[in-house]
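Right after this note come the structures.
Okay, so chain A shows up in both of these, paired with chain B first and chain C after.
Up next, the complex of A and B:
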């Protein structure tokens, strides 16, 4: 069997980036959630918030670590699998990745240690400052990466001479047309991910009748954040949809499952299709009448543009784009329903006793990660056959590397990442099963950074771990 | 008495479903951007009020 290096390079990058994005999504969301929890603890002095903070801090730390390690791999893969892309896009993409390191990574690296291990060594306010800096670092990181990826979706601020790309306007490169919409969409996705994780774990404890105070507060906070965030996400998603129709029509044509240049009127909204890319038609389609016109054209009889508007050699594969979009959008609808249900149950005073709702929250625990993955599949498969939309085709971007080298590294990545994922899941399940009771609900602080490494402060930590309340210095 | 309670719950749930559907269609922009922004603000306000005003059940359980 002859292996195609371009296919293997794409599979390898798809696998590694899919694995990677799960962890930053968690850590971006959890970092801000932790900052809010610590702020609430400092404001109210309620130890429950500190307990919640400590519980999620360890899960955040593991996710953060795996996210950083798997993110570094991606930079190397530009060279391993996509050398031509790195060569051409380097002048625009390279500085943004370097700026991510200089701003976000340095900020996170500087304060992560204090955040993870400094609660008993520095003052609570300084510790809160460190948590905020780590949270801001994750935002900056997301911002630069989204800027780089959005530039690949909607390139701007460049000129091409003799096959060489040069930047003519850095502001246009960074603030490219899709970035202002994709960044808040991604950040909201990360916050939603954290909200459903927090609510899901709280719901699990309520169903098991364990750690009830912690569980109620987690469900209350998680559902409250999720309800507000999903409304914002639906709004932002619609704005982004309109932007992508303008700048990348082929993606949205594929996402809606229509082939003809104009759909019938009124247009249905397809939930299930069996597309036949070769014959440019659907073998089977199942949808809701009128809903396509209402949702997509905001009228009762509007027609939706199909994929035949895009030349065949510039079309993405409809099935991948369609189902990625349906997965993301379907989960968003379920999240919205959950938000409305949580408001109704809260109003009735049954938020913590409705078992059906608590079970739904448990099942929805990973929903943010799945929706984010689906969103990225939509973004990346919908951009095909381009790696830089309208400028460089993916097939022309791959490295002149033998297929065997790509296959062997792909197998190595699958093996190593399986260990990462297995370790993360095992330790996360252990932390959840152990519960928050192990985390002491008080914090001792030495009040200033200069005291942080003095022996008596470290003694306090030892005693606090042993369960003995430590004295303030 | 129990059937009355069930009826109230079913009626409430139906009302919440209709209201939620209206909000969803408004926020995704079916009625235009201005209505979408207004719908979003109203929905968030309702959520904040509900979560801050109806916190009593946390204590009762």
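Up next, the complex of A and C:
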């Protein structure tokens, strides 16, 4: 088999970016969750919130670290694998990512140290400020990167002369047509991810009858956040769906699994298809009758547009787009049902005792990450064969790097990232097994900025407490 | 206004800060290889833990400025430097995750320390290799990379890779003199006594060899013989001072001397490459993106960079003084 550099470059980018996005999704969600927990601790002085904070902080720190080091790879990979894309899109995408680095990465990095190691040194209030800065950094980062990616989906604000792209209107580039809908969709996905992680761990402890206070509060908070968020997400997803039909009809045609220009009436809602791209038809399709018409056209007999509306050389591969969408949508439905169930159980006072529900929560712990990944697969595979929709084809964007080099680095990435993921999972499971430590209440809880100016004094205090001689020059 | 020149200055600024800041982080990482006492290794890592992430961010800043302001250079250089960049990124990855993972385990901490040290060493070596490749020159045809990804495997890049790795250990030694406890002071002193002269000799060898194989370097040397010789002389004096004074002067002065070595080295490199951005073939202005993009990046940089420097300095200041024996969390 002859190796095709454009296929290998795509696999490499897909692998590294998929691996990366799992961790920011967690970090965005957990950073805001941690900020809320610390705020609750400062407000109520209840050590339980500090305990929750400290427990999730260690998992957050590991995830954030992996997110950082796998993210650096991406900022170089635009050029490593897709040099021609970098050359064309650099004037539009580059400045947005430069602003992401300036406004978000530095903010996160600058305050992360204080957030992780500074509580003793700066006191709780300034520490809370650091947590908030890290959380805001994750939001700004998401905002810029969604701007950049949305511009690739729905490019605007540019002119092209002699094969060189220049920006005419920055506002149109940054606030491009799909960004206002895709950003809240992604942020809500990240918050859902954190909510289900928190609820899942709490449910596991309840099932094990361990750390009961911590567990109850986690399940209560996690399911409450998740219920509100999934209701919003269904709404946001629906608006985004409408936007993408308008701007990228080929993506949504592929996502629904119909080939003919107009489907039969009433249209079913497919859950399982075996598409045959070559003959432009489904070999097999299984769906719920009427539901396609009702959901997609909001009528009983509406017809749904199929992929044949798009010329063959501009079609994405239906199987990938369809199953990515079904995975995301299917998980969203399960999340919605669980949100409703949690409300019902809460009113009945059985939220912490219904074992079937707790088990479901445990299984749903990684659901947010899987749904987010599937959503990105829908967005990215559905945009194909374009890398910048309607402007540059993916196949024309690749670097002049030989297939052998791409293959060997791909193998290296897979090996190294497996080590990262393996270690992350092992250590996370270990942290969960060990359980939350008893949170001490801090003597310096009253002080704020003052301690930041006198860390040496604090060193002496902590040392004296530890019974160590204060060794200081 | 000459926007590409300003963008290039901002990029050089980001890259210089990266070399300064991550330089001593990577140097401390490399020195882990020579430290057999686990408690001392903990202490060494603790000294850089709260601020490493911000330090590393400057390389992203430099890379993305290249992408935004000089997309043509970015699209030539990254495929040309494909292998060393990917190896550097993987090595930086190992270094970065080791910060988090090593504290999660006591039984396997040694293994993560090895990953930390090897990651630091490989990243430093690859960065030097990249600098060597740039001096060696990149093959370009019609504004596309036209060489082989294996062009990096030549003597000059390898020499400069080793040189930079040793140079970073000089910074790492200076940092440890400044931040570490009494037990590690002697270790830091010994490392400086060895690394500073070795760095100076290797740097000299790299310069001479570069002048021999690259006509671009020779012509710059012929044009500015006095200035470039002065730089080389300054470098030798600073390195000598560093090795001799390792015992006597205050730690901060040692670190400043180390950083001065790098200022001289970077200025020499910039002098030789300027006004090209892809060495000896594509100039800043030929590789620049449209002025609207330059303006956007520069406006952002001018407004935000002072704020970034402000809170980064604040973070350093919070964790000032010598690293506590039991780590920052106490």
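Note that the second predicted complex is superposed on the first by the 438 of 473 C-alpha atoms of A that agree within 3 Å, B and C clash if a C-alpha of one lies under 4 Å from a C-alpha of the other, contacts with A are read in each partner's own complex, and residues count from 1 in each chain.
The rule is short, and it goes like this: a contact is a pair of C-beta atoms (placed from the backbone, for glycine too) under 8 Å apart; a residue touches a chain by one contact, two chains touch by 3 or more.
Since the structure is predicted, the reported quantities are computational estimates derived from the model, not experimental observations.
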If we overlay the two complexes on their shared chain A, which of chain B and chain C does A:212 touch? Say first, second, both or neither.
first
Which partner reaches more residues of chain A, chain B or chain C?
C
Once the structures are superposed on A, label A:170 by its partner contacts, choosing first (chain B), second (chain C), both or neither.
second
Is A:389 touching the first partner chain B, the second partner chain C, both, or neither of them?
neither
Using the touch definition from the top, say if A:70 reaches chain B (first), chain C (second), both or neither.
second
Tell me the contact category for A:340 with respect to chain B and chain C: first, second, both or neither.
first
The shared contact residues of chain A with chain B and chain C are none
Would you pull the chain C residues touching chain A in the complex into a rising list?
49-51, 53-54, 56-57, 59-61, 63-65, 67-72, 74-79, 82-83, 85-86, 89-90, 92-97, 99-101, 104-105, 144-146, 149, 181-182, 289-290, 292-293, 296-297, 300-301, 304-305, 308, 311-312, 314-315, 318-322, 324-330
Of chain A, residues touching chain C in the complex:
58, 61-62, 65-66, 68-73, 75-76, 78-80, 83-84, 86-95, 97-103, 105-114, 116-122, 164-168, 170, 399-402, 405, 409, 412-413, 416, 420, 423, 427, 430-431, 452, 455-456, 459, 462-463, 466, 468, 471-473
In the complex, go through chain A and note every residue touching chain B.
212, 216-217, 220, 224, 227-228, 231-232, 234-235, 237-239, 242, 294-295, 298, 333, 336-337, 339-341, 343-344, 346-353
Residues on chain B engaged by chain A in the complex (per definition of touch)
9, 12-13, 16-17, 19-20, 23-25, 27-32, 36-37, 40, 43-44, 46-48, 50-51, 54-58, 60-61
